[in-house]
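Just so it is clear, A, B, C, D, E and F label the chains in written order, and each chain counts residues from 1 on its own.
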Amino acid sequence: MDITGRISAVKRDYLISLAKEGKRADGRDFDEYREIKIDREVLRNAEGSAMVKIGNTTVMAGIKLEVGEPYPDSPEEGAMTTSVELPPLASPEFEPGPPKPDAIEIARVIDRGIRESEYIQLDKLAIEPGEKVWIVFIDIHVLDYDGNLFDAGSLAASAALQNAVIPNERYELGENLPLPINLPPVSCTFVKFGDAIVVDPNLEEEQVAEARFTVATDANGDIRAMQKGLSGSFIIDEIKNNIKRGQIHAKKIRKLLEG
Amino acid sequence: MSELIKDGLRIDGRKPDELRPIKIEAGVLYRADGSCYLEWGGNKVLAAVYGPREAIPRHIQDPTKALVNARYNMASFSVKERKRPGPDRRSTEISKVTSEALENVIFTELFPRTTIDVNIEVLDAEAGTRCAGITAAAVALADAGIPMRDIPVACAAGKVDGVVVLDLSAEEDQQGDADLPIAISPRSEEILLLQMDGHLTYKEFEEALELALKGAKYVSKLQKEALMKKYKG
Amino acid sequence: MDITGRISAVKRDYLISLAKEGKRADGRDFDEYREIKIDREVLRNAEGSAMVKIGNTTVMAGIKLEVGEPYPDSPEEGAMTTSVELPPLASPEFEPGPPKPDAIEIARVIDRGIRESEYIQLDKLAIEPGEKVWIVFIDIHVLDYDGNLFDAGSLAASAALQNAVIPNERYELGENLPLPINLPPVSCTFVKFGDAIVVDPNLEEEQVAEARFTVATDANGDIRAMQKGLSGSFIIDEIKNNIKRGQIHAKKIRKLLEG
Amino acid sequence: MSELIKDGLRIDGRKPDELRPIKIEAGVLYRADGSCYLEWGGNKVLAAVYGPREAIPRHIQDPTKALVNARYNMASFSVKERKRPGPDRRSTEISKVTSEALENVIFTELFPRTTIDVNIEVLDAEAGTRCAGITAAAVALADAGIPMRDIPVACAAGKVDGVVVLDLSAEEDQQGDADLPIAISPRSEEILLLQMDGHLTYKEFEEALELALKGAKYVSKLQKEALMKKYKG
Amino acid sequence: MSELIKDGLRIDGRKPDELRPIKIEAGVLYRADGSCYLEWGGNKVLAAVYGPREAIPRHIQDPTKALVNARYNMASFSVKERKRPGPDRRSTEISKVTSEALENVIFTELFPRTTIDVNIEVLDAEAGTRCAGITAAAVALADAGIPMRDIPVACAAGKVDGVVVLDLSAEEDQQGDADLPIAISPRSEEILLLQMDGHLTYKEFEEALELALKGAKYVSKLQKEALMKKYKG
Amino acid sequence: MDITGRISAVKRDYLISLAKEGKRADGRDFDEYREIKIDREVLRNAEGSAMVKIGNTTVMAGIKLEVGEPYPDSPEEGAMTTSVELPPLASPEFEPGPPKPDAIEIARVIDRGIRESEYIQLDKLAIEPGEKVWIVFIDIHVLDYDGNLFDAGSLAASAALQNAVIPNERYELGENLPLPINLPPVSCTFVKFGDAIVVDPNLEEEQVAEARFTVATDANGDIRAMQKGLSGSFIIDEIKNNIKRGQIHAKKIRKLLEG
């Protein structure tokens, strides 16, 4: 069972037939995002935070830093870990309990985008090299689920990291400092149903989706992470097209993030 | 230990019987049947209600009434030291007493075999989260149209530096002498929840209870204003 | 589902109608405890132990001490932790597995009574301040469940702590010494059903109870912990009256504990 | 390593074929259908039986017989180093072999679709808890009126300092050469449980088995006396 | 950082477009309905298929089709640092995308209310285990006689030292620039699985995809040979 | 529920009636093992490994060594731990999840055989006595289950330990060295059904088995571990006979292991 819930065959047929006319149920173009809003520094206890809305989907990201041991294979670097919580608050389909495969997949794809674009300067997060480093916890808390958690979660994480501080004071290590970061990745997600491929799927569209594709690109438009999901397939040209469309969307979203 | 009361005022400038600033907004979520966002001092709390809906699995169904299932959860980033996700013993206890307090006012007998799920997420915490959560949950229940005898409300009083005060701040909670959170049905003044830890003489308890009741009734007005704002404007 | 099990409507009506006449099914007054028995030092491996019977309810408490790290916010103090086990041995309703909400609530209320009355002198339990302290484990094992685990558990914990030793020998830290304690808290529990409020509920009474109230008082009669439970309510005067009755009961029970 | 046998006597003064003191009391619990409290040397064990009662969930029911479900548990305070609550690998294995040994003697075919739950709590442990637990469980089953072919009984023998001895103490268990706990149906001398770890020649095994059987038969008498005491006086 | 490409050759002597040695054997297990043993470089992987069989518990059944339930698991001894038994986040994700990729080709609508369980055990790991697992699972499905549109196959390409290469080794995976595992339906060239992490320009991606497709098609031949060998001789 | 799965009453009667004629369904004598094959050093990442087949039962054992802390009661010795995995790959009856009682029993009986025969020279596995020692992980992974996992698992563990190395290089502690071992235990398992007692039961025979008996003997034929299982019983002479037969089988199997 996935997180989207059931949908009636009638609705599925309706969405697919609309798509055949090049339309989406909410009036958007295939290649159009819903409105995106980013609120920053919304929390007091988090080292960094942001609330992102994409349409009716709302996601909160909170950054916490703790002192810990480095990984044996990178003793002079800090570490990062990304988790996604799907609390029952955000959807009638979400259940309490440890993260299910859906949440784990989203977290790992977002994590790869951040990690591979070297967004966090982990090499500047050693305290005593080999002994003590900063661990960056990126916790993404979904508050209202109307589709496209990959992009909303990625965006919230990126925005929260932008205002995160190293809490030196709490650990009596001197003054708080901004978390050292590079330029963020931007994630762009498509789903395919019938013959249509649409960007930024809402819940309804995810419910009828046969295949999903996410691409995270860096400031140069280069690819840093990709993930194809669901049991449907893409042909090669569709994949290529998704990437190119994703590069264009990412540029616009990047402005919101940097603006 | 720092002095918590100076010249009759508290460390954050409040008088002993003064609440922290409170902001309540009803109907803030798209998916939930009812919801509420509440800020109370440094607390930021979101509550969502789903139901009544069929209780699953079936063997938990009560043929005579709805189950009220509140779940209090602190986001991992809501506290100074990151909290591991998932329920701990503290949140399990709070979920239990919250469920019981809310069940009191709901006409559960109207919805046999169902569950009414009340989800409380603490996004930012600064002492008094259980009162904030219950207060938000009550608004979310009303927003969801769940029939209730009354809209419950919660508030705490306590004692710091030997003085009985209303609505402890984080510092007062950590260094103070006692904390007394209560939830009431404001119309009847019935006590739905009462917990206390610390040190109170009986006389101090009476004083603190009086103060907490006063605070709760004030917060009750804010709840109603938030619901009015949603429905009338 | 709670731990008390189901009860027939007939039985409920019977208990309530009895209560209207001021009677309880077992012949007690509303304000009367069942017989209380305390057996001390009943175990060899525990650092302290006691078995408490309140009527047919039997509870064993065992105290263990271990060397551990202090909490960061009290580096010069020992630590304590209280747990309640409801093993399937003690009731047909108890199931194996990790502690359920009922057990957690009982444990936390007992813990607060002990902690807030400063019964254990935690400030004398540092071994190397900031590094090594004693951790006091208060484990309450229910053996036979016929109601009122709050009071039976609290009493067993208090009695077990009275005969607990610091196991210095086992850790090669010198001679065993008595655990440093102050005066114990005493817990008193009421339930309400119909219009009646009775002290020390037996199982039957817990099964029909609408609301529950526990108050733990110190040697001065001051309040150290309170807990209202269940979905019923109390009016303010009932709460006040419960506390006053609780203070009186606690004085008597305190004599058993100190005697 | 200390000497465990001196002048033919063991460290606690026992002869090689001597049991530790044993005390058995039947019917000690109010809620359980049958129960037993047993002291065996430094072991203090309580056993309670519930059932036969409907097996839940239904899909575990056996339409031909009752399930015998023994659960061996050590209280956290029953050992020198506090034990974390909950089952570990050792107690899981003991629960399994105990269930199997007890099932042997119960007329399970009389109670299809039910479960007979046998709960064994070790309150204080000093070597030989599984034998103590089985012995107590058997008395609790009889006290519960569960129909059995025979009342099983358990006892261990072992080897310390090269000498075959009965009923190891804690020190002997830790420093000794072998431990051989068995459970039998005393009437038929059938072996219901047999485990062994350590080092025994075949000849030593024969000797140890003989001793364990002798011990078990003696304990069997104590079981019956305890049941008589409960029912006759 | 070591040099991964020298004189146009990779550290293990391979050319950029060269696969590691691969060995596939179908039908190696006695109990499974279908099975496959596969060696791919230093990877040793076993796949077993059970089903279609009734999905249990019933409420997970889909009345319109079979559920495809792949479980990717690494044995604790399959990696340098011992892995704790049981699923971790990585294997949970791989199990999910593997299930989805395999479901694509299976005529699941023929077997409503059932589950087809695909178990993949990695016994020895050296980069590329997910591709090895999917490739083995596909052979095991065919060996089990599960009706499929096509026999899927997986292969990875990547980038090391700025050069696009086929089928990364362990060292290349750790120190390289990018990894792009894909699974395809070889007949239609549809993409069933595609993941990527690292750094690729769009042009490099096109090149890597081309290479991965070429590799997958070669491995597809080996799959068919293994199945032929089993059935024809 | 045990791991063997259900069997029809017809099949049970058939196997028992065959046994009355002194026959087994697969044609073996009561006292005859299936063919045993041992493959060694089959894995690259494990410190030692072996794959053992007994008839259609296939078991893989992998040995891993890690640096860890010694047990408090044996500060100058290494430690060992044995686990058995029954993955769903190996049988339609196996389910994913933490080890069930069946797997735990097998692992603990195999562990006792190895431990009590002092097969691994734990006293040579201290690195810094009292501080750092080698922990030997014996992980037994069942690949194909057709009965007698006790003997197959024990044999695989013994064979894997024979070729195990101490991975000093990975921990920068010098050169890899062979794991110091003594002579292995050999395990021999019987089941009883009807009046028959047969050695090396296959799955079918385990499904009808009433009682099970395993004995592990050392190179002198002395007994190091025994385990009676299942709800049936043995009379004393049967036990004695099992041990004697086990000693004879062990001698033959020992040759395979040492050969």
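Quick note on the criterion: a contact is a pair of C-beta atoms (placed from the backbone, for glycine too) under 8 Å apart; a residue touches a chain by one contact, two chains touch by 3 or more.
Everything numeric here is computed off the predicted structure, so don't read it as measured data.
Engineer: Which chains make contact with chain C and with chain F at once?
Structural biologist: Where chain C and chain F share a partner, that partner set is D.
Engineer: Among the listed pairs B-C, E-F or A-E, choose the one whose interface is a repeat of C-D, with over half of the contact pairs the same by residue number.
Structural biologist: Of the listed options, the interface copy of C-D is E-F.
Engineer: With centres defined by CA atoms only, which chain is the most remote from chain D?
Structural biologist: In terms of C-alpha centroids, the chain at the greatest distance from chain D is A.
Engineer: CA centre of chain B versus CA centre of chain E: separation in Å?
Structural biologist: That pair's centroid distance is 51 Å.
Engineer: Go ahead and note the Å separation of the Cα centroids belonging to chain A and chain C.
Structural biologist: So the centroids are 48 Å from each other.
Engineer: From the mean C-alpha coordinate of chain A to that of chain D, what's the distance rounded to whole Å?
Structural biologist: 57
Engineer: At least two partner chains per residue is the criterion; list those residues in chain E.
Structural biologist: As it turns out, chain E has no residue touching two or more other chains.
Engineer: Of all residues in chain C, which are in touch with two or more distinct other chains?
Structural biologist: In chain C, the residues touching two or more other chains are 99.
Engineer: How would one label the connectivity among the chains shown: line, ring, star, complete, or other?
Structural biologist: Topology of the interface graph: a ring, with each chain touching two neighbours.
Engineer: If contacts are counted as defined earlier, which sequence of chains do you get going round the ring from chain C via chain D?
Structural biologist: Chains encountered around the ring, chain C first and chain D next: C, D, F, E, A, B.
Engineer: Give every residue of chain E touching chain A within the complex, in rising order.
Structural biologist: Interface residues on the chain E side: 60, 68, 89-90, 92-93, 95-97, 99-101, 103-104, 180, 185, 188-202, 205-206, 209, 213.
Engineer: Give every residue of chain F touching chain D within the complex, in rising order.
Structural biologist: Per the stated touch rule, the residues are 1, 99, 101-102, 104-105, 107-108, 112, 115-117, 213, 218, 221-236, 239-240, 243-244, 247.
Engineer: Per the contact definition, I'd like the list of chain A residues that touch chain B in the complex.
Structural biologist: Within the complex, chain A touches chain B at residues 42-46, 49, 56, 58, 60, 62-64, 66, 83, 85, 87-92, 96, 98-99, 137, 139, 141, 143-146, 170.
Engineer: Provide the residue numbers of chain D that touch chain C in the complex, in ascending order.
Structural biologist: Residues 29-32, 42, 44, 46-48, 50, 53, 71, 73, 75-82, 85-87, 117, 119-121, 123-126 of chain D touch chain C in their complex.
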